[in-house]
Amino acid sequence: METGFLQEQKVLEGDLNSENSHQNSVDFLMNWFRKQSIFVLAYGTGCGAIEMPPTFTSRYDAERLGIRGAATPRQADVIIVSGYCSYKTLRRIIRTYEQMSNPKYLLALGSCTVNGGMYWDSYNTIKKLEDYLPVDMYVNGCMPRPESILEGFIALQKEIGEGKASSWQKYEENYEFYRKNQEAVLGKKVEPSYEADWYLYEGGL
Amino acid sequence: MSSTLFIALPLLFGFATPLLSRLGKNALAYTSVLMQLSLLGLALSLLLAHSSTTVELISIAAPLGISFVLSTASLLMVLLFTLLMTLFSLYYLFQRRANAYANESKFFTLLNMLLAASIGLVLSSDIFNIYVFFEIAGISAYILSAYSKTALALESGLKYLLTGAVASIFLLFAIVLIYLHVGSLNLAVIAEQFQLLPYNVKLLISLLLLIGFGFKVEVFPLNFWVTDVYQGSTSLVNALFSGIVVKAYLFVFFHILYLFLPQGEFTLFLLYLGGVSMLVAEVAGLRQTNLKRLFAYSSLGQVALIFVAFAMQNIQAVQAAFFIVIAHSLAKFMLFLALASLEKTEQNMHIDRLKQIDSPFLMVMMFLAMLSLLGIPLFVGFVGKFLLLKSLAVEGMLTLLVMVVVASFIEAIYYFKLMGYMLHKGTRSEKVEVSLGEKMIFVSLGLSLLLLGVFPMSIAGFLQNAAEVLLDQTAYITLLVGG
Amino acid sequence: MEFSLYGLSDIVLSLKVTALANFFALLIVLSTLTVLFIAPNYRLKRSFYLLFTLLVASLFLIVYAHDYLLFFIGWEVMSISTYFLLSFTLSKEALHKYILFAMASALSLFVAILLLYSTQHSFLYEDAKQSYLAMSDGVQQLFTLFMLIAIFIKLGTIGFHYWLVDAYEESHNLFTPFLSAMLSKMGLYALILFVANITQATYVLAVMGLLTTIIATFKAIEQESIKRLLAYSSIAQLGYIVTVLSVADGMGGALYHALIHTLVKLLLFINIAGVIYVTQKEKLSDLGGLIYKLPQSFVFLLIGIIVLAGMPPLGGFASKFMIYTALLDAKYLLLLAGVMFSSASAFIYVYKLIYGIYLGHPTHKNLEEVKEVPWTFLAPQYLLASLLVIIGTFPGLVIPYINRILGELNLTLLSFETIQTLITSYAQYNGFVVMGAFGGIFVLVLMMFMLLRSKAKKPKNRFDIAYCAEEPNEATHLHYGYSMGQELKRVGLIHLIAKNSSKYFYDFLAKQMQYFSEVVRKIYSGNLLLNFNIAVLFLIILLLWSLK
Amino acid sequence: MFSEIKNRFATDDVEVKRKGLYKVVVKHERLFALIVMLKEMYDYKTLNTITCTDWIEEGHFALTYIMTTLKRNETFMLQTMILREEAHTKSLSYLFKQAQIMERDLHEMYGIKFEGNENLKELSLENWVHTPPLRREFDTLEFVNNHLTFRDGRDDNIDTKAESKRLRAIKKAEKEAAKKAKESKKAEDVQ
Amino acid sequence: MILFDLLFMLLVAYITGFLYYGLYRNITARFQRRLGPPVWQSFLDSIKFFSKEESISHGWMFYLGPVIMMSGAIMTLFFIPLFHTGESFKGLSSYGNLFLVLYLLVLGALGNALAVGASGNPFGVMGVTRGLSRLFALELPFYISVIALISVSGSADIVCIAASQTEWNAFAYPLLFIAALFSFVGMMGQAPFDVVGAPVEVYSGPASEFSGKFLALLMSQSAIFTFAKLVLMVHLFLGGASGFVELLAKSFGLFLFVIAFGAMYGRFKTPQSIDFLLKVPTSIAIVGLILATWS
């Protein structure tokens, strides 16, 4: 059995190699637009956030791929969980994620999000992000360099284009599961006080 | 004959009080009211019967003896005095059961003496008689002022006496000088010859007269005693002082002035004296917190306004002066009666008390009186002030105009302060009882303020007539001395 | 109708029905009716209605009087009846402040009309011009000074507005619309008479008007109390009119704006009265988030503020346009820039008003339970709002009426073609097209927008906002904008306006007056000997001076 | 000063760690008097920090208050013991404002109650209901294994101490084996 | 016919606006020594937002706000003629005037402010506050310049102002042009006056609560509005335009200048920007006005 880094690599590649799903032409067109324009929430949740500024500025220039920052979750398509995730941060990430509008994608950076990384025995840090939020793409490394982040983005774009990046649907479908896990670490009385939005939202104006 | 009645009746009544008081407990009061009512009736009948300028001339041993002239002008004053005195007596009658004065017979004596003296001042055409009535009015006023015998009242009486004495010395000195140079005490004779006197003598006599009367007509530097007297005296008596006594002095002062100096040599001086008086009085009243003193300052201001109006020495202004005299007499009378109603329960006259008083009727009446005093349109006060200011504007005395308006503004400041106190929102604890009779008096006074304000034309002609008569020196001389 | 006063033949009085008088009388009728419409919601004493009747009567007297004496009498009665009307709710200080300014206004008007009388011995409007010309230069200036003081106090022009703000704030909610819509208009009426009949004090009006608009606008931005804010807004709006009256052809714009301002201030104050009626709160900081509770009121306030800000396509733009082109015509370019500047600044307080009351979050629990205001409040608002919309669509509608007034005052007429267009020498615009285009585009965009696939979803919870990933709750301070504009104080020029107040000047004046009074009172302290000396000395000095 | 402290507060000798760094162990009930004295009379105006050491074997917490005076550039460490079971002491926040947040931290991490401190809310944790995490009876590894899921294949989530001991033992054994081999080689060489 | 005109104007504005925005991002990228996105990136962004599955609406006022903004932008566009010569593409300009356009410029801001207020997001309101506080200072120099131009050309009609220029107003009245340019930079939301939507300070300000199709509408609005403002400036100062090439050349030149200006400067705080605008550009404008209308 592979351990550590090798195992992370396996997770990464396993996701990438799944088969194509069918999509009609409207979906294809829309996915193409979504692929071309990715707004990333400017929210540094862990130490990996330090790698994001070079990714977006002159040196690596993510904007040439249509990737740019957005300040608020309302406008963002992608949230990057950059590294270890303490309970306190997790709560904010969940709220932010739920405030983003569909379709939305989650990119997880660093070993900590995969299996706890160097915080594997910390009482205060979650070990497996996908138990709490659906992850579209892991970028491993501690920390991943901007090159790998860009590579992750390109892979994400590819998935979006193929209509495979559907974590947000997964989240809606398996909400009970995610919520159970979230409550397990964040406590029963835990917010988000507005519950899961799409249950309660009223349609229309 | 009637003019002597105006003087003789109250005078006689005054002397007859010891006798009348034996007739019964209430006899004195009722007879007094009756007597005054009859005088009022007489005056009214005279007013209705005669429309000519001179109503009556009565001479006893002319030209050196006593003579009275009842002209339209003096009739107006007599009417006003008798009316106010009647109302006063009625008011006293209504509140007498609860708040009678101690030693009532003396009080009635003084009251009627005061009336007689005031009317006498207005009617006399003889300078020595004027002096005599001057003294009678003064003495009864001193005693009335000190009547309640509290420390303040005694102080005020004493002050009144002292200043009155000084005033009469000056007046007497003036009379002596006049007699020395003219050889007669008859006003007409003096008036004829006064112009011919050397300038220095004229100046001296004028100055002495001015100082003598100045104390009594409450003109600026000589009116320092007024506030103390008003504060010390009871509000009822104050109503008389500001309603009757001052008006009588004012009238006689300007009567003499018009006779002696028809060309108006001192007009400018007197005008500015009046203007300054008004301004000073109003400014001084600005911070006053004692109601009686405050109204005293207001009286000073209003009297100064009348002073200015008379000093203008033309018909319109004198007409305006009569309007203001009426307006002020009625309104101040009303205000002091209201204060008297307040005084029944408590002597404290601090303005804070107004916040506590729970009597809408009294308040409305006070509002009416105050608004009239401020010269708000629809009240008679406005008519007088408007006419006066109009004639000031026409004469081009802009400085004086502005002076009067500024003084009015300052007056408005403290009157509206009082109104603000009365409109104070909060619990009101102090009930003031006003009996039906008292209410009638208030209502009649208030209504007359309003009616005269809305329909001033009803008396305007009469007043103009009076003004013409007062200003006509030659007619007066002709009347007295004969053509 | 002419008659004489007091049986004195030298004072001729006159009442006359003129187009100008009718214009203002119409405004009086409109204001009175709309204000009385909301009256059943309040329990008022009978004396209130009595005084109110007296007030309205005095207003009619002012409007229909054709000579300055009757005008003055109306003016005084108006001041006094307003005093007693205000006394129902005002604090002692505010009341005293009001009446002192009102008396100052009345007395200076008195002096002015007496000065006018002194030359030609007539109070009639027709003779006013001649009387004015017959004065000497100094007296002319004095007259203008007194007249303008009287008018400015009623208008609340900056420097003379000390009484106005408190009176508006504390007056009864029923009475405030009337105060703003009508009583200040009487000052305007006096000013129009002054400008039309006597002289156009160009520079004074221009400077005072501009200062008023700018300073009052920035003062309004500072306020936290709704009624204070609107009071300053009233001052500023009247400032526009004062400014435009300073130019030769400004009368049309002034009248137009007077009409619009009356309508909009009635609308706004009635709206506010409704809000205060249901919430019992008067501060912007105590309100908020009422839009879904009072949707109709919100729409009316929106219409009100759009008009107040002078935005197309509603009526506010028409009057602003008239004012601008009048100033442009007279080549008062910097003045125009100043007026436009203050008009642009007005956006802040206008937004602050609507935000503080209706938008944002409720600041109190009980705000979440209020219901829509009673129909008695809504009915007049429907009327006023529809009037404003109609005027916005057909801006030329009132031009013929204004022209009638202008013709009567011998001024240049405004050009008029159709009721849809507003034409001035510099430009024209078609209100119907503007309104139609806006409506059409709005509906089209809205329809296309609603057809889009993306579903609009509404959060159940008002706390679901993007709040930096935090979870706000009841205790979180979310109603931010009611204190809007505070940061402007950090700008030097605006700080200067915010810091200074006419209060300091009047306080100083009052202090000096009291000090002076203290000194003068010493005379009456009762020290006889001293007084005798003073008296005699004074008399002698005065006598010598007067005889010299 | 030292003698005064010793006499008045019945402490041991003040230990001078180096120049300007002193330490004294004081009884809990005399601690606050000593702090007041240091603050008021000897200008120790600054409370740097409050630390806690968990002496689980002896059954008490050692609270150390570190105070500094900038006047003489000296630091004083006052150590006092409180019982683990009670874990209760008085707050210092009325003397030093900054103590409030330090105590809040200690309360969160050790469960020590500070009487008189108004705000003992959690500082960096949220909704923590388990044993205060820095107490030594709190077994982190056990907690993690009980509460959190791990991804398969992670074989290093074992007790590091035991592991390192084992590794060290292996290394030592190897070393010794090598040594023996060397020695035996030497012996052979000698032979 | 006029409907066709209007539709065409809208189309031109939409395409050009997005093209300009793409170029803006590209050019800014070059300023920062990077490659930058493709030219059509803004368009892609907008379509992407339109195609979002859901958008959060905070009630009807919030829903209508962007619509009002869009209407305001289109109104502004329609009341500004594309060309000052010829008959076509005048839009509705003959029914309006410059004052109307000046007010229409802020109509969108009002819609935005209302929507943001209705959203209940305090950061949004902070942005609106900054915007409104800055607005009047921003407008003052522009107003003064415009007034001077109206006074000089004798008409408040945009066509007349454009046609009356024998030489460009920018050269005839350079001071007015400079003052107006300062305002224009602010109106375009460029540095140094871009404090309204600062992403980090106030969470992107007014836009903070807009998602999905609302944001997409805002982006389209901004593209149309930008074009309309550019056309207005061209007509007022750059001698107007009589053909597409001229219009695009002039407006792009102006746009390039604004971009360059924005790329070079840092950001003013709100009071700083108000202070600056009330002092420097306003003084320049006043001097310009006096010089322009001296005779």
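By letter and in written order, the chains are A, B, C, D and E; residue numbering begins at 1 in each of them.
Keep in mind that, in the parts below, a residue touches a chain if its C-beta (ideal position, glycine included) is under 8 Å from a C-beta of that chain, and two chains touch if they have at least 3 such contacts.
Note that the structure is a prediction, hence the values are computed from the model and not measured.
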Fewest touching-chain hops separating chain B from chain E: 2
Partner chains that chain C and chain D have in common: A
Identifier of the chain whose CA centre is least distant from the whole-structure CA centre: C
Relative to chain D, chain with the most remote C-alpha centre: B
Of A-D and B-C, pair with higher C-beta contact tally: B-C
CA centroid of chain D to CA centroid of chain E, Å: 63
Centroid spacing, where centroids are CA-atom means, of chain C and chain E in whole angstrom: 34
Interchain centroid distance [CA atoms averaged], chain A/chain C, Å: 58
Multi-partner residues of chain E (each touching 2 or more other chains): 51-57, 59, 63, 203, 208-209, 212
Set of all touching chain pairs, with the criterion as stated earlier: A-C, A-D, A-E, B-C, C-E
Contact footprint of chain C on chain A as seen in their complex: 43, 72-74, 92-93, 95-96, 99, 191-194, 197-198, 200-205
Residues of chain E touching chain C in the complex: 50-59, 61, 63-64, 66-68, 70-71, 74-75, 78, 92, 95-100, 102-104, 106-107, 109-110, 113-114, 117-123, 125-126, 128-129, 132-133, 135-136, 139-140, 143-144, 147-148, 150-151, 154-157, 203, 208-209, 212-213, 217, 270-271, 274-275, 278, 286, 289, 293
For the chain D and chain A complex, residues of the former touching the latter: 124-127, 129, 133, 138, 140-141, 143-144, 147-157, 160
In the complex with chain A, residue positions of chain E that touch it: 25, 29, 32-38, 41, 44-45, 47-49, 51-57, 59-60, 63, 199-200, 203-204, 207-212, 215
Touch list for chain C against partner chain E, complex: 289, 291-292, 298, 302, 306, 309-312, 317, 320-321, 324-325, 328, 331, 333-334, 336-337, 340-341, 344-345, 347-348, 351, 354-355, 358-361, 426-430, 433-434, 437-438, 441-442, 445-446, 449, 452-459, 462, 464-468, 477-481, 484-485, 487-488, 490-494
